[in-house]
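One chain, chain A, appears in both complexes that follow, with chain B as partner in the first and chain C in the second.
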Partner chain A sequence: MSKLQLAKRALPSKEGTLFKDVLTLYETRQLKKGLKTADQILKKFPEHGETMCMKGLILVHMGRREEGMDLVKKGVRLDLTSHICWHVFGLIQKGEKNYEEALKSYMQALRFDKENMNILRDAASLQSQLRLYDGLVETRHTLARCRPVLRANWIALSVAYHLNGNLEEAKKVLEHYEDSLKNVPDYDVEHSETTMYHVKVLEDIGDYAEALAFLDVNSKSRVIVDKTGVMETRARLLSKLKSDEAEHAWRVLIDHNPDCTDYYNGYLTSQNISSDDAALLVLKEISSQIPRANAPRRLALAYSSGDQFRELAKEYLTSALVKGVPSLFADIKSLYENQARLESIQSILEQLLAEHTPASSSPTEPTTYLWILYFQAQHFSHLSQYDKALEVLERAITHTPTLPELYTCKGRVLKRAGDPYGAARALEEARRLDGQDRFLNTKCAKYHLRAGLINEAYHFFGLFTKKDAASPSADLEDMQSLLYLIEDADAQRRLGKLNLALKKYAVINKVFDEIEDDQYDFHGYSMRKFTVNIYLNLLTWEDNLRSHPVYVKAALSASQIFVALHDDPSIVKRFTSSEPLTSAEKKAQKKAKKAAHKKEEDKKPAAPTSTNEDKGLEIPNADDDPDGLKLLGCSDPLERAAKFLHPLTTLASKNIDVWIAVYDVAIRRKKYLQAVRALAHARELDADYPELHVRLAHLRKTVTSLPQVPPAPIGEVFTSTVSALLPDEVTLETFNSQYLQRHSSSPLAIFAAARVLKTLDGPLEEVDNTIFSTLGPDVKLTLKSARTMLDYLVQLGSLRVEEYRTSCDQRFPLATVFKTAEEQASLMKETVEMPIASPKDEVEI
Partner chain B sequence: MSTVATLSRVSFASLTPNNLGTVRKLNSVIFPIKYSEKFYQDILNPELEDFCKLVYYNDVPVGTICCRFETQGDQTNLYLMTMGVLAPYRSRTLGSQSLDLILATASTHKSKINKIYLHVQVSNESAKKFYERHGFQEVGVHANYYKKIAPHDAWVLEKAF
Partner chain C sequence: MNIRVARIDDTMGMQACNLQNLPENYTMKYYLYHLLTWPTLSYVAEDSNGRVVGYILAKMEEDLPEGEKPHGHVTSISVLRSYRRLGIAKKLMVQSQEAMAAMYKADYVSLHVRKSNRAALGLYRDTLGFTVKDIEKKYYADGEDAYAMHLSLAS
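Up next, the complex of A and B:
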C-alpha cells in the first residue's frame, strides 16, 4: 500500500473514534445515529472511502437503496485497497442474491485482510452456495488455522474436503480433531453427530469394516445419541460387507419400526432371497410375530401370485374395507401392473359385493358395503370404464349421500371422461358437505380452474387464505403453493391469457430460486450445530431441486409460449388495447389511479416514525408488472426460455419433451449444434416420438434454407449429426409417408404426419383427410389427442371442423369438451349457479 | 390371520356452519319436505346446541335430530322438528340412541323443560310405535298439518318430563 493511500485512509484520532462509533452503531442497528456520525466524518473528509461505504450501507438498511448503492460504489472506487470497502460491497451484493459478484468482492476484501473472521465466514458460505469447493477448502483451512479453538472450524474443514471429493483428507482432519478432544460428556449431541459423520466418511471411502468397527465402539461407549441412526447404519454396513449378522441387524430394525418398507427390502436383500416364495415365507413369519404391522402384509401381495395371491389379497382387502380405509385403492393400484393380479382383484371385489350386499342373508355392515362400492368405482375408473364407474358411484351415493369421497371420485371420473364442468359440480357438492376440510376446498378450487372458472376458483381459495392478504392468489403465492400456481398458469393459458399464464410460470421459477437461496444460512448454521449428515443430504437435495415435476411443467409450458411469441410477435398486440379510451373509461382509470395513490399516502404517515427500522439488505418485492404484459412483450423471449430450460438438461434428461423444447429454442437462437444434439438425445429416448418426427422435418427445412454450412469446428459435427438423424437421400415426403404407414394406429403419430404435410405445403384437403383418418376404427383415439387435433383444425381454418367436432362428441358420450362454444358456456353457467336450497318451497315448520 | 372384530362406532356432533351442508343433504334425502333457509339458520343457534345433532355411524354422517324451544305462557316446551337416519342404517338403534340423548339432556336442562312433542304423519305407524316405545303418547290429531304431501293429517305425540 502506498503511503498516499495510507494517508488518505487514516483518520485523526477524533474522526478515528467517530468511525469506530459508526461501525458499532451499524452493528447495533442504530441507523439514524450511525448516519449522523458518518456525515460528521464526511464533512471534514468528504473523500474518505470507508466512511462513504458505511454510510451507503446504512442507507440501504434504511430503505434508501439507490442512494446507498451509489455511495458504496463511490466509496469503493475512492479506496480500492480497503478491506472494509470491499466487505461492504460484498454484503450489498449478497443481499441482492448476486452470489458470484459478492464472492469476488469478498475475495478482494480478503486480499487486504487475510485473517478477518467475518469475511472468511461469509466467503465460506458463498463458496458453499456456489459449489466452489476448491476455494471452500482454502477458506475453511484459513479459518481453522486462525481459530483452532473453535471446534466447528475443524468439522467445517473436514466437510469441505469431503465435498471437494478428498475423502482421505476429510478423514485425517476428523481423526486429528478427535484426538484433540478432552472431557467430552456422555451422550453429547454435537459429538454424537460428529461421530456419525465420521462413520459416513469411512463408509464413503469404502472401508466398511473400519466404519462398522468405529460405529460399534462409539455406540457402546455412550457417545452416539441417535439410536435409530446407529441401527440403520449398522444394518446397511453389514449388508455391504455381506456379513451373516446383517439379517439380525435388519430384523432388529423391523422390530423397532414394523411399518417401514425399507427395512423389509434390506432384510430380503441381505438374505439373498431370490425366489418370491422364499420372500413370502419370510414375510408370513414376520406377520405372525407382529400381527398389527401393515407393511409385511402389503409386501406379501407383491410377492405372491395365483391362488395364494387371491387368498392374501382377499384377506387384506376385507380387513381394510371393514375398517373403512379410504386410501385402499391408492395402496393397491400399483399391483394392477400385473394383469393376472388385476383380474384376481376384480373377481374378489365381485365376491365381496355379493357377500356384503344388504339384500344378502347374513347381517352386514352398511359401511363395509359402501367402501366396497367406492373401491370398485375407483377400480373401473382406473380401467377407463367410466360408465361402469359412474353407475357404481350412483348406487353408492343413493346408499350414503353424505360421504365426500364419493363425490370426489365422481369428479375425478368425469374429469377423465372429458367433462370438466360436471367434475367441478361434483367437487362443489363434496366441498359443501364439510366446510372446514381444506383438502376438499383445494380440490374444488382446482377443478374449477380446470373448467376455466377462474374467479369462482379464487373465491373458494379465499375461504381458507389469510384474510389480510391482498388477494387469495397473493397469499398462495406467498405460501409458495406450487399446486395452485401451476394450475392457475395452465388455466390462464387454456383461456388464451398468455400474459397472465407467463407471469405465473415466472412466479414458479421465482419460488424455486427462493428455495435454492434458502440453503444459504445452513452453510454456517449446520457447522455451528454439527448436524453434518443431514446438511450433506440438503446439498444433494438442493442440487436436484429443479427435477421437480412442477418446475418441468412450468419450464416446458413457458418455453412454448416464448417460442410462439418469437414466431409471431403480433400476439403481444392482441393484449395491449390500441384503441383510444373513451372518456368514460379515461375517467374510470383516473379514479382508480387516485384511489391507489391515496392508499399509498395513507400508508406513508406510518413510515416516518420508523425510519430507524432496519429493512435489511434484501431487495423488497415490488410487483411492477401486475398484468404480465411487460413480460409478454419482453425483448428476449428465447433467452429467457433457454434459461428456464437449462437445468432440465441435466436433471430431467430422460424426459423427451425437455429435449424437444430445447431444440425449439436452440434452433431459433441459431445454436445449431445445441439443437441437433437435443434431437439426438430425443432420438435415443424414443426414435418414433411424434413430436420428434415434426422437429426432424423442421430441421431438414431449416438446413436446406441455411445460406451456408455452419463454420468449423461445429460444421462437421453438425452435418454428420443431421445425417444420422435424417439421411440426406430421403426426401421429406417419403420420410413422412413412411412414418405414417408405420404408425397408422397411433393418433398422435398421424397428427405429426399431418403437421409435416402442412409444412410441405400439402393441399389443405389432404391434411384434413389425414387428421380425419384418426376417427377410423383401427386408430386408438384418446380424448386428449382428439382435443389437440380439433384445436389444430380450428387453427388451420379447416372447413370440416364441425364434422370432426361432432364425430368426437359422439365417440366420447360422457365428454363435454367437444360441445359447441354456446353449449359449453351454458354448462359453465350451470356450474357457477349451483343452487344450495330452494327457500321458496313448501315450508312445513 | 385373525380378522378385526367390528365394533360399530356411534357418535354425535354439534351443528356448525361447516357441517350444515351435510345436514341439508341428509334432510333432502330422508324427508319428503323441503325446509326453509330460516330452518337452517335457526338450528345453528348456540342455545340449541344440545338439541340439534348430527349422528355418525363408523365415522360416516347418517342421521340428524333437530329440536327447537317453544314457550307456552310460562312453560318451555321442546319441539322435535326432524329426526331421521339414512335407510341402510336403520334398525340399528341409531334412532333410539339419538332420542335418548335428547331426552336425557332435556330432563336435566336449566330452563326446566315441561314436555317434548312432535308431529307424525298418520300413515307412519312404525314411527308412532317407535315414539310410544320411548314413552310418548298420542294427545290428538292435527288435521291438514301437511299441505303438500298426503295424507295431510298428523298425530301429535307428547312426553312430559
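Up next, the complex of A and C:
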C-alpha cells in the first residue's frame, strides 16, 4: 500500500476516536448520533473513504437508501484497499439480496483483513447460499484455524468438506474434533446431533459396518439421545448390510410406531419375501400382535386376491364404515387399478347396503348406512357415473341433511361432471353447516373461484383472514397461501383478466424467492445449534424447491400469457382503454386503490418517530403495480417467461409441457438451438404428444422462412436436429394427415391436426370438419377436451359454433359449461344469490 | 396413512394444511426454524400420495427462568377435516411427547387453545389428557383469550 493511501486513511487522534465512536454508534443503532459524528469527521476530512462508507451505511438504515448507496460507492472508490469500505459495500448488497456481488465485496475485504471474523462468517454464509463449496471450505478452514476453541467452527468445516464432496476429510475433521472434546455433559443434545452426523458421514462414504458400530457404541453409552433416530438408522444400516438382524430392527420400530408404513416395507424387504402369500402371512402375524394397528390390515389388502381379498376387504371396509371414517374411499381408491379388486369391492358394497339399510332385518347404527352411501357415491364418481353418484347422495342427504361431507362430495361430483355453479352452491351448503370450520370455508371459496365468482370467493376467504389486513387477498399473500394464489390466478385467466392473472403468477414467483431466501440465516444458525443432518436436508430441499407443482403451473401459465402478449401486442391496449368505466368497475377500482393504499400505510410507522428508527438493510416491499397493468405492458415478456421457466429444465425435466413452453419462448427469442433441443427433449418423452405435433409444424414453417441458416457453430447441430425431428423430404401436409390418421380416436390429437391445418391455410370448412370429427363414435371425447374444442371454434369464428355447443350440451347432460352465455350468466346469478341463511349461521372469526 | 417424523420436505405440506384448517398461520421460515432447532419433535401424517393430511409442529420452550424444568410446547397441531376418526391427532401428539421426554428430558408439554374452540378443547382435555393451567387474556391476534394447557410427562 502506498504511503499516500495510508496517509489518506489514517486520522489524527481526535478524529480517530470519533471514527471509533461512529462504529460503536452504528453497532448500537444510534443512527442520528452516528450520522452527526460521521459528519464531524467529514467536515475536516471530506475524502475519508471509511467515514463516508459508514455514513452511507447509516443513511441506508435510516431509509435514505439512494443517498446512502451513492455515498458508499464514493467511499469505496476513495479507499479501494480498506476492508471496512468493502465490508460496508458487501453488507448493503447482501441486504438487497444481491448475493453474488456481496460475496465479491467480501472477498475484496478479506484481501485486506484476512482474519476478520465477522467478514469470514458472512462470507461463509454467502458461499453456502450460492453453493460455492470450494470457497466455503477455505473460509471455514480459516475460521477454525483462527478460533479453534469455538466448537461450531469445526463442525462447520466438516460440513463444508461434506458439501464439497470430500467425505474423507469431513470424517477426519470430525474425528479430530471428537478427540479434542473434554467434559462433555451427559445427555448433551448438541453432542448427540454431531454424533448422528458422524454416523451419516460414515454411511455416505459407504462404510455401513463402521457406521453401525459407531452408532451402537454411542447409543449404548447414551451419547445419542435421539432414540427414534437410532432405531431408524440401525434398521436402515442393517438392511444395507443385508444382515439377519435387520428383521428384528424393523420389528422394534413397528412396535414403537405401528402407524408408519415405511417400517412395514422395511420389515418385509428384510425378510426377502418373494411371494404375496408370504407377505400376507407376515402382516397377519403383526395384526394379531398389534390388533389396533391400521397399517398392516391395509397393506394386507394389496397383497391378497380372490376370496382372501374379499374376506379381508369386507372386514376392513365394515369396521371403517361402522366407525364412520370419511377418508375410507381415498384410502381404498388405489386398489381400483386392479379390475378384479374393483369388482370385489363393488359387490361387498352392495352386500353391506343390503345388510345395513334401515328397516332391514338386522338393527344397525343409522350412521353406518350413511357412511356406506357416502362411500358408494365416491365409488360411482370415480367410475365417472355421475348421475348414479348424485342419486346416492340425494338419498344420503334425505337421511341426514346435516352432514357437511355429503355436500362437499356432491360439489366434487358436480365439478367433475362439468357444473361449476352447482358445485359452488353445494360447497356453500356445506360451509353453512359449520361456519367455524376453516376447511369447509377454504373449499367453498376455492369452488367459487372455479366458478368465476371472484368477489364471492374473496368474501368467504375474508371470514377467516386477519381483520387488520388490507384485504383477504393481502393476508393470504402474506401467509404465502399457494392454494389461494394459483386458484385466483387461474380464475382471473379464465375470465380474461390477464393483468391480474400475471400479477398473481408473479406473486407466486415472489413467494418461492422468499422461501429460497429463508435458508440464508440457517447457514450460520445450524452450525451453532449443531443440527447438521436436518441442515443438509434443508439444502437439498432448497435445491429442488421449484419442482413444486404450483411453481410449475404458474411458470407454464405465465409464460403462455407472455408469449401471447409478444405475438399480439394489441392485447395490452384492451386493458388500458380510455373507455369510461362502469360504476361497478369504478367502485372496484376505488376499493383496490384503497386496499393498496392501506397496505402502504400499514408499512409506514404510525407516527413520524425520531430518525433513530432502524429500517434495516432490506429493500422495502413497495407494490407499484397493484393491477398488474405494468407487468402486462412490460417490454420484455419473453425474457421474463424464460427466467420463470428456467429452473424447470432441470427440476421438472420429465414434464413434457415444460419443453413445449421452453420451445415457444426460445423460438421467438431466436434462440434456435435452445428451441430445437427443447423439442428433442419433448420427443424423447412422448413423440406423439399433440402439442409437440403443433410445434413441429411451427418449427418447419419458421425454418423455411429463415433468411439464412443459423451461423456456425450452431448451424450444423441445428440443421441435423431439425431433420431428426421432422425429415426434410416430408411435406407438412403429409406429416399432418398421417398424424391425424394415426390418432383418429384422440380428441387432443385431432385438435392438434386441426390447428396445423389452419396454419397451412387450410379452408375453414376443412378445419371445422376436423374438429367436428371429435363428436364421432370412435373418438373418446372428454368434457375437458370438448371445452377446448368449443373455445377453439369460437376463436376461429366458425359458423358452426352453436351446432358443436348444443351437441356437447346433449352429450354431457349434467354439465353447465356448454350452456349459452345467457344461461351461464343466470346460473352465476343464482349461485351468488343463494338464499341467505339466518345471520347466526355466519360466524365471523 | 403414514405417521412419521417431519422432514424439511414436509414443510410446504404442513403450511398448506395449516392454512386450510386454522386461522393462526405462519410464514415458511417459522416452520423451518422449528425443524432446524428441534428436528425430532415435529411429526406429519401423510396419505398414500404423500400429501400432508395432519401435522404437529412442536418445540422446547426457550428462555426458561432459572431453575425451571425443561418443557415442550406445541406450536400448532391440525388434521384435515376429511381425515378425522383415525386418531391421527393423538398419534402425532404421542410421538412428539415421547421425543420431548427422551431427547430433552421434558417434564411436561404445554399448548394454547382458544376459549371458544370446543372441539380442540375436547381433544386436548379428554383424548390427550391435558389440564387447564391458566387463562391468558387476549392471547390471540384477534383478542380472544386462550387456555394455557399442560400435560405432565413424568412417568
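To be clear about the criterion, the second predicted complex is superposed on the first by the 805 of 845 C-alpha atoms of A that agree within 3 Å, B and C clash if a C-alpha of one lies under 4 Å from a C-alpha of the other, contacts with A are read in each partner's own complex, and residues count from 1 in each chain.
Keep in mind that, in the parts below, contacts are C-beta pairs under 8 Å (C-beta built on N, C-alpha and C of every residue); 3 or more make two chains touch, one makes a residue touch a chain.
Note that the structure is a prediction, hence the values are computed from the model and not measured.
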item: A:L403 touches, of chain B and chain C: first, second, both or neither?; value: first
item: Chain B versus chain C as contact partner of A:H248, first or second or both or neither; value: neither
item: Contacts of A:K323 with chain B and chain C, given as first, second, both or neither; value: both
item: Touch count on chain A, higher of chain B and chain C; value: C
item: Touching partner for A:K615 - first (chain B), second (chain C), both, neither; value: neither
item: Which of chain B and chain C A:D518 touches, first, second, both or neither; value: second
item: Contacts of A:H141 with chain B and chain C, given as first, second, both or neither; value: neither
item: Which superposed partner A:T367 touches (first chain B, second chain C, both, neither); value: first
item: Partner chain(s) touched by A:M479 [first = chain B, second = chain C, both, neither]; value: second
item: Chain A residues contacted in one complex by chain B, in the other by chain C; value: 323-324, 845
item: Chain B partner contacts - residues on chain A that touch it in the complex; value: 287, 291, 297, 315, 318-319, 322-324, 358, 365-370, 399-403, 431-436, 836-839, 841-845
item: Residue numbers on chain B that touch chain A, as the complex places them; value: 1-4, 6, 8, 16-22, 24-26, 29, 33-40, 57-62, 81, 86, 88-89, 145-148
item: Chain A residues within the chain C interface of the complex; value: 187, 189, 192-193, 225-229, 257, 259-262, 294-295, 298, 323-327, 330-331, 334, 405, 408, 437-440, 442, 464, 466-467, 476, 478-484, 514-515, 518-519, 522, 525-526, 529, 531, 533-535, 537-538, 540-541, 548, 845
item: Chain C - residues contacting chain A, complex; value: 1-5, 7-9, 11-12, 15-16, 19-23, 25-29, 32, 35-37, 39-40, 45, 47-48, 53, 80-86, 91, 95, 98-99, 102-105, 141-142
